[in-house]
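Written out below as structure tokens is the structure these notes cover.
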Amino acid sequence: MAVKKLSKDKVKEALQELTKFRLIAPAKSDEVVIFKQIENPDEAYLEYGNSTVPPKRVVFPQTETLFRFLRGSPELKEKDVEEEGTTVIFGLRPCDARAMAIVDRLFSWDYEDPYYLKRRQLTTLVGLACVEPPSVNCFCTSLGGSPFGTEGLDILLTDMGDHYLVQALTEKGEKLQETLSAHLEDAPAGDEKKAEELAAAAEGKIARSINTEGIPEKLPTLWEHELWKKVSAACLGCGICTFLCPTCHCFDIQDEVEETGEGRRARMWDSCMFSEYTLHASGHNPRPTRRERTRNRISHKYSYYPKRFEVIACVGCGRCINLCPVNIDILEILEQVVDAS
Amino acid sequence: MAEKTDFEPNIVAFLCNWCSYAGADLAGTSRIHYPPNVRVIRVMCSGRVNPLFVMNALQQGADGVLISGCHPGDCHYMQGNYYARRRFNLMRNFLEYLGVEPERVRMSWVSASEGAKWKEVIEEVVNGVKAVGPMDMFKRRQLNW
Amino acid sequence: MVDIEKLREIAREIISRDDVRQLIGYRQGTYGFRARPAFVTDPGEVDKLIFSPACVNNLATYITLEERLPVPRGQEPDLRKVAVMVKGCDSRALVQQMEEKAYERERILVLGIPCTGVVDMDKVEKRFPGVLARGEIVLEGDKFLLTYDGKEEEVAKGELLADKCTRCRYPTPLVYDQLLDEEVARFADDDYADVEALEKRSAEEKWAYWEEKFSRCIRCYSCRNVCPMCYCEDCVLDRLNPQWMRRSVDVSENTAYHIARAYHLAGRCIQCGECQRVCPVDIPLMELNRKFYKDVEELYDYEPGTNAEAPPLLSTFKVDDREDFIM
Amino acid sequence: MKNPYIPYEVKIEEAWYETPGDRCIKTFKVTFADEKVWDDWSHLPGQCAMVGIPGVGESMFCISSSPTEKGYLRFSIMKMGKNTSALHELEAGDSFYVRGPLGNNFPLEEWKGKNVITIGGGIGQAPLRPVIQWIRDNRDDFGELTVIYGARTSADHCFKPEFEDLGSCGDACCHLAVDVEEEGWPHFVGFVPTLLMEVSPSPENAIAVTCGPPIMIKFVLENLEKLGFAPEQVYTTLENRMKCGIGKCGRCNVGHLYVCKDGPVFSYSQLKEIPEAFA
């Protein structure tokens, strides 16, 4: 399919068109950018760096019902994700889309997770290339990503100044481009070449990096290394780094019952940095301190995950570095891993 | 605010075992008629009422909460009601700050002999809550899918 | 201005003592203007210690944060002191912790820093976006001097100063073993203008305001974990039996969380502002804490974290406490 | 494909207490409320299931019956937390919910023709019971069966009637222990690892399976090594907090392995590679 252009003065009408689906776009409240469902195109905020909360919350909601029940009745009513309908996530960053592609492997491994996978099927991802890296702590290029990366995306938009260049990447993307055809025009000649230049320039602006080669194999050998004590000393044990990580996918399952006897079993994000995460009913905790928890977080991303799924569970979005209250820096930890002996 | 309304509020009342519960009991045995909107939870002392009880009651469908204990100086445990007084003064102000009308969180001293006062207190609480309407700010919504 | 050489010299002396296990201070962050906590156990490490207006963290948190695992059979518990660097506001956390008998005064060694104000890192990063190379911030008179990438810039103090510092009543630590600089006289006071403005709004407006804020909450619990006063080993928020609030994230449970968190700090919050600083979704948590702070001061003439000998606010009473709200 | 989060209802046919006390163990013999489920259901010794009550929660338990016992499943559950306490309230005729079978199993096919030694402690006998039962029901496929089992007191022994039966019918050599001396106890007094050395089984053509409290497993593994067992000959089961049971929710990992999916059965040689296994 031919590349198109979406003129900036037509973005609103295009978004209006998309509200016939469940449209998710970045929206700003105070200084915080969060992906949420929008009804009105004015709510969308596309001039953003990156969202505080990654768009994983759309396909993997923070709290999600698995099934409902009535106390005392044997019938369990399964949640039908289909009812949510076709969803379009508009304007997400390439790293966050790539994160979804990575997490797909976990949710389709062995047992298929029907909720997540169904929702992924229903969702079309319209990415927005990073002409300027959103933060100084971006390091996507170290992990096989790129500010203009297309992995996981269905459409890539590139900001060309007065318009967006629209490139459909998948069948789903082409279908959506079709839907929007009334608002699209042919892309000016030379746009694609210009976009390639912008991409190269953007990659050059990614300031931080890490050579990940050998880290997955090395991490298990550093099990008792003193570095874990050092890097976790300042850790507060909060959930910022994991909840805001686009690839973190751990969850808890809880039952909730109302006074009426109606109840649900739901899952909600959980964090390996919380002490209750691994706490046994007996009171024993196999990861009793922040040292073990930090070690597990890093090892899971950079060793366990690649061992099983052949890809590092980190996309280099930099959120955990930017938002950590005590400036724990995953790149610094990884550098120490590389240097450790 | 004598607005006529069909709204019948749910009031959860935490009553201390020694004074207010006995006072409410006296109202009953004396055939004193008071609004039937109150669900009584008997606790040993008003000092036993955790402010989180109030929060949870409002979350679970109470439109108003009443905490009632012995008059100052009369506490069966000497000082429980004094602690409760500090706690709920702060709690009430705080909930008001979030937008919960002060009519919804009330506290009273009702002794074992004050069956008539119990009636007055309940009437005032119920009328107060009626005036501000149903509590739906942070009430647990119907189960989400 | 804290003399860094003097700070390091004192730190070296302290960490060399046999009865001191570790010293908690600050060091340069990994990028930009950030500073971060430093944990020094060896005299060789003191040269990384710094103090600057970028040192925003309240290190008192770490005194109670450390997990206390059972001592293996045959080993003695490590009873050596922990030395900690505190600013004025941070020192009040120590006072309050001791008021609550969280630990004995002898367990800690306090290095007091008379503080003339720290920056709000969000304001700094908004004003100087994209600074990766390590930069420095110093306060000179009424100006912050920022050095980075070989550049030097001056910004008026008020533009980058953290909000809490504009209300600071105790710039000089209230508890210390050693003071690292001359005492700083009180340069600000608190008029609770923010709290009063919100108090004046209608119930609907108030709830509309808070509902929007609470609906953003992702319950990462960073506000709880960073708080020097939230040191219960078994937190009411984590308990499943009885379960005070559900782990599902919606407006009702989030509100319950924020009520419970704020109430547990009633008469205990010492206004270090860490909760609001760390919140990734910018919930104005201090506006909640400050409501209690204001009420506690008005109703009970009590100021948390100022007197280690006083009984904690809610575990005491006066017979003539206000009761005009009681029927 | 069936939604792996939706449990099956089971009816309790029989329920009885194995042991007394605060942390008592209750065994439930259950069958599916919907008989058709049996058509899809097949499990092997060592496999687990999520057991729970909607409204309370779910936890992972090993299925303590062997698939050779047809028409029912058994779960032996120690009263510990919220969910297990709620399960303990249930009696015959009540129902709860089961999701499974989950996890891997003991490789009994590979063990054919070998001598098998089971070493259990306390509730740790639950995953070993189906192994013993499987061997008894396929007696000719295996060599000698040695059962070593201990608990704090004789009252804390699970599956007592079965041990009596085992010893008397000649299917197995039974060695029982209690931790402290008690009146009328005819068997060994002391800890299971010590009893193991006393029994001193030969590693020749043998497989050892152990399950029990972590500290017991630690010393049993050491003692098995002393007796000459190679790590490949030794199997144990691990447990961790679990929520999904199907390798998604993340919390049960030891190193790169998920206990719920890659376990709970591990050979000692596997575990030696993973430093976290004995945390």
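We call the chains A, B, C and D, going by the order they appear; numbering starts again at 1 in every chain.
In the analysis below, contacts are C-beta pairs under 8 Å (C-beta built on N, C-alpha and C of every residue); 3 or more make two chains touch, one makes a residue touch a chain.
Because the structure is predicted, anything quoted here is derived from the model rather than measured.
Of the two chain pairs shown, A-B and A-C, the one joined by more C-beta contacts is A-C.
In terms of Cα centroid distance from the overall Cα mean, chain A ranks first.
With every chain reduced to the mean of its CA atoms, the largest distance from subunit A is reached by B. With each centre defined as the average position of its C-alpha atoms, the distance from subunit C to subunit D rounds to 49 Å. Centroids of subunit A and subunit C (each the mean of its C-alpha atoms) stand 31 Å apart. Separation between the centroids of subunit B and subunit C, computed from CA atoms only, is 36 Å. Counting only residues that touch two or more partner chains, subunit C has 250. Along subunit B, residues 140, 144 each make contact with two or more other chains. Contact of a single residue of subunit D with at least two other chains is seen at positions 81-82.
The touching residues of subunit C, counted against subunit B in their complex, run 195, 198-199, 203-211, 214, 236, 244, 250-253, 255-256, 259-260, 262-263, 266-267, 288, 291-292, 295-296, 299-300, 313-315, 317, 319, 321-323, 325-327.
Interface residues of subunit A facing subunit C in the complex, by the touch rule stated above, are 29-32, 34, 52-53, 62-63, 136-137, 207-208, 230, 233-234, 236-240, 243-244, 252, 254, 256, 266, 268-269, 271, 274-276, 288-290, 321, 323, 325-329, 331-332. On subunit D, the positions that touch subunit A within their shared complex are 1, 3-7, 9, 33, 54-59, 80-84, 95, 214, 239-241, 243-244, 246-251, 253-256, 261, 275-276, 279. Remark: subunit A residues 63, 65, 68, 79, 83, 256, 258-259, 262-264 touch subunit B in the complex.
Within the complex formed with subunit C, the residues of subunit B that make contact are 51-52, 55-56, 59, 72-73, 79, 82-83, 85-102, 106-109, 120-121, 124-125, 132, 137-141, 144.
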